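First, the structure itself, so that you have it in front of you.
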Amino acid sequence: MARRLIMDVDTGTDDAVALMFAALHPDLELLGVTTVNGNVSLAATTDNTLRVLDWIGCAGIPVHPGLTRPIVRTDFPSARHFDSGGKDDPHGTALDIPEPSSRAQAQGAVEYLIETLRGAAEPVTLVAVGPLSNIAAALALDPGLTGRVDEIVIMGGGHATANVTASAEFNIWADPEAAAMVLAAGFPKLTLVTLDATHRAVITRDACRALAGLGTPAGTAADRFIGRRIDAYSGGAGDGAAPVHDVVCTAYLVRPDVVRTSPLPVTVETAGAATVGRTVIDTRPGAPEPANAHVALDANAELLSGLLTDTFARTL
Amino acid sequence: MARRLIMDVDTGTDDAVALMFAALHPDLELLGVTTVNGNVSLAATTDNTLRVLDWIGCAGIPVHPGLTRPIVRTDFPSARHFDSGGKDDPHGTALDIPEPSSRAQAQGAVEYLIETLRGAAEPVTLVAVGPLSNIAAALALDPGLTGRVDEIVIMGGGHATANVTASAEFNIWADPEAAAMVLAAGFPKLTLVTLDATHRAVITRDACRALAGLGTPAGTAADRFIGRRIDAYSGGAGDGAAPVHDVVCTAYLVRPDVVRTSPLPVTVETAGAATVGRTVIDTRPGAPEPANAHVALDANAELLSGLLTDTFARTL
Amino acid sequence: MARRLIMDVDTGTDDAVALMFAALHPDLELLGVTTVNGNVSLAATTDNTLRVLDWIGCAGIPVHPGLTRPIVRTDFPSARHFDSGGKDDPHGTALDIPEPSSRAQAQGAVEYLIETLRGAAEPVTLVAVGPLSNIAAALALDPGLTGRVDEIVIMGGGHATANVTASAEFNIWADPEAAAMVLAAGFPKLTLVTLDATHRAVITRDACRALAGLGTPAGTAADRFIGRRIDAYSGGAGDGAAPVHDVVCTAYLVRPDVVRTSPLPVTVETAGAATVGRTVIDTRPGAPEPANAHVALDANAELLSGLLTDTFARTL
Amino acid sequence: MARRLIMDVDTGTDDAVALMFAALHPDLELLGVTTVNGNVSLAATTDNTLRVLDWIGCAGIPVHPGLTRPIVRTDFPSARHFDSGGKDDPHGTALDIPEPSSRAQAQGAVEYLIETLRGAAEPVTLVAVGPLSNIAAALALDPGLTGRVDEIVIMGGGHATANVTASAEFNIWADPEAAAMVLAAGFPKLTLVTLDATHRAVITRDACRALAGLGTPAGTAADRFIGRRIDAYSGGAGDGAAPVHDVVCTAYLVRPDVVRTSPLPVTVETAGAATVGRTVIDTRPGAPEPANAHVALDANAELLSGLLTDTFARTL
């Protein structure tokens, strides 16, 4: 039986690849998608999500718009971490596929999460690959929701690797209080896919060409999205490679060995001047706190690449 | 026409007096009540709220239970600021009136706030006299709700007066991120009734006796609740007086001159070691930031006392 | 026998008045002066201090230059709180009296404090009316110096009154770590003269005229310095009055009743976003921490005014 | 000509090895040693330092005791990070060599640093392998001292490796304000040897046996001190290895290639709840801030081992 999941996204090129993977892989059943402010504004992440699902023939999967800003900060993030739309912007505002014909649901993301999780006969998997504002808001309204989730898989944080600041990864930094709360919420299983892992699972231009060669909508779009990422990471200077962070989470659901995880204590710094939004991962032998997360710090690029090719060969 | 309001409470002896005032005063129409974790647990604040409304014959006013903890902190507040149930506890856990026969609504506080405010033909007044977790959560889900509220009146904070720490008042301290967000949310009008005001509007034992002498359910209960407060503040040592913080807010709705307000800039400290939960009120001449609150720092005790007696003489 | 004291100053108009008071009052023996970065740069506070002592014929009192910046912050304060030299600047850069002919000592302030306190036969009084960088640095090198001081009198902080931010007074804010350390250092007696007190001890234009009428160098200078303060506080609009913060400390040494003090627990916030540099004074009845300071929150303006006239009538 | 250096130490087993290296290596001239509170109390770090210098016949090198606590924190560190004297304590309180017959200088560390650096004809090298309290205090008194130092080499911090907390290394954590200030002070060259480097330069039991076999005082002591470290790190369970952090700094002076450094921006978090004392090292390509440190994140264990054997074969 396919694993039933809800994705929470701030689409974004890598979210787009992750969404296509979840929608197309036969072992996964994507029940619905919630969108959140993050890489771009909520309006744009919602529009992009609809584009992706339309493009691959999955317009029937409902999309519920969520929070337009962090759960408690009204002034954060104050600025993007790269010039939006510029050459080093791996996302752009609107994804380079046609405008959607389908529309977002009237029901908000948080209401949808609460209603769906409460109503599910079996626990559902959450895959959260944007700032954790929606998930935290749902837990604020009903802390017991953790018991309706078999596993939450989060793309976020880093140990030796950072992006938006010297200390922090964007998703966690963009709503640090939400992230701190989700990590402390007591989910039965929480898997954290960090930048340390995703930067070891880069997709190459050769792999992009193979995706393009599939001739499927997903293959075509994945080539385009990942190609943009490679351009942004390499300054457009040739035959590079780039991480496609979010898809590591959905790939992990069908092939856990795409990452290597360790059970470790993780908290989020919300008060530091230079460290706000940092995932504090205690890798010391004999760490005093109990583990609350399965932390992926390494990944298998070749395996990921193969999974993408296999999955994006499919059409619906 | 009566002013239509929703109260958000963590009942609590002073919340109880404020509720009775709102329910009984002819110029006010109490549409519904939302409860929140605060003075006591959510279960107890909800139970107490139902007790109060039942006792005065207002069982028809719906009560919606809200957040069981702060909006983002899972470990805060770590402890009460007085020994629960002890002699210096001005509240106790269960109010000293009969158990309720009515029951709380199934719909949660945040959902109720969103639905009611969105559906109201005219803006509604919010009176928030507990930690601001529910209000902040509703705003997180829909920042546009501020436009559906004509005024929010908050009991919280202090300038020269504090209670739970040397810097902070309990309601703000108990969920500082929620308070910071509500103060920054952009309500058309926000009135902050601080401890500086409520400590100048103390109710005396003589006034309690007058309330008891009314022979009404509200008079009887008010005497009991305020008497408990006077005992707690004075150590039971005789003919004292005590502030009844929350009722200053509802009294202000019908007689604005019960307090004296100034338009001032107010923020909430969320990061300080010794100042977390402090309302930072800029009283300097020529303060650089624009005012975002009408801050009450003074009050008229005699006027308040008279309003209580007049209002609690009523029955429904 | 006169009380022997060392003053630590960031001269400044009010420091200047305090220095003249200490140098001229027969009950006080000003052993030496240490200067610190504060109202203006160290070079200017040192120059101003020499001007003042020269002007009143006290060139023999040694002046030792101290820290050029806070004890640990290299980027703080990032800016003055008023436009230096502007109309609302109560100090100016150079005091409006002649350039000094005497020179500062080669020995630094911290070395002087350590050597003098260690070598004193009897405990000495410290009067610190600028940022506490020098005092904290001396204590860092020798925490035992507290035992060589009978009392330290500090101008700093506030409870309901602030100046440089909505929360903080300049001296404490300008080096919050130093202030926190000095308040926690365990001096046998620490008296904190806050803005709440100094703002109740304003000197009027009439009093200035009386000082000018004395015909003494001190009277003439005091009129000029205080006059400038009154101009700055009133926008030059006429017959106002202004606090002369620092002189309240030296006046207190000879007439303790110039202020009203209470023993209270005081800490300094060093980590708050909106409250950095605030003196957290626990005025609650039954405050849990022991008192570490005698805090002046009120003062007697008339008494202060009379003390100034009496003292500045003197010449040396 | 030998490189002239002053060491600032909190001896400690690894400080002891570093001291012996600096005192014995022919290319280094150890002018003096300053001691600081850290691994153990100042009294113990001073006593241990004297023991080491006496033991190897260098009693003529002056030892100046410094700060007994952090530069501004009076309550930090609140506790040691391992049970002092216990089996997992790699230091113990007193080093296992005879009590010293020589004595510490009367002049304090900070005064010595200021006087020596000001008086030196040529710039001097500082090697700081304990909390940075002394160095920061000297800079507070005279920021211009940085111009009298050709290079400061610091053992402290970590990027992917931590010890005292999940985020921080002991030396930096134990006086974070001092460390932040030293890193921002503008030294002409600052080299930071982190835990990431020292954990890659472990010394094995075999190497210890070789040191013991030298038959020199330094060889004997080094075997004993490093052996204790290996016991502590391995739980005494056999033929392990351990980092000897501080000696990597002195070894670097004579063989820079014992580490691999990169010029990187480094700050110290002083305000974070979970990250206080963390060295925030910006390893991102295109980091926006300029580099202020040459950061060693890797080291050559074999080269270090050989340097120890060669150097400790010497006697004076």
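Note that the chains are named A, B, C and D in the order they appear, and that numbering of residues resets to 1 at the start of each chain.
In this text, a contact is a pair of C-beta atoms (placed from the backbone, for glycine too) under 8 Å apart; a residue touches a chain by one contact, two chains touch by 3 or more.
This structure is a prediction, so every number in the text was calculated from the model and none was measured.
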{"item": "Other chains in touch with both chain C and chain D", "value": "none"}
{"item": "Partner chains shared by chain A and chain D (touch criterion as defined above)", "value": "none"}
{"item": "Chain located farthest away, centre of chain C as origin (C-alpha)", "value": "A"}
{"item": "Copy pair chain B, chain C: interface residue numbering same or different (half cut)", "value": "same"}
{"item": "Gap in Å, rounded to a whole number, between the CA centres of chain D and chain B", "value": "57"}
{"item": "Whole-Å separation of chain centres (CA-atom averages), chain B against chain C", "value": "43"}
{"item": "Intercentroid distance (Cα basis), chain B paired with chain A, Å", "value": "41"}
{"item": "Sequence positions of chain C contacting 2 or more other chains", "value": "271"}
{"item": "Contacting chain pairs - touch in the sense defined above", "value": "A-B, A-D, B-C, C-D"}
{"item": "Residues of chain C that touch chain B when the two form their complex", "value": "159-163, 166-167, 265, 267-276, 278, 280-284, 287"}
{"item": "Touch list for chain B against partner chain A, complex", "value": "67-69, 71-75, 108, 110-111, 133, 136-137, 140-143, 177-178, 180-181, 184-185, 271"}
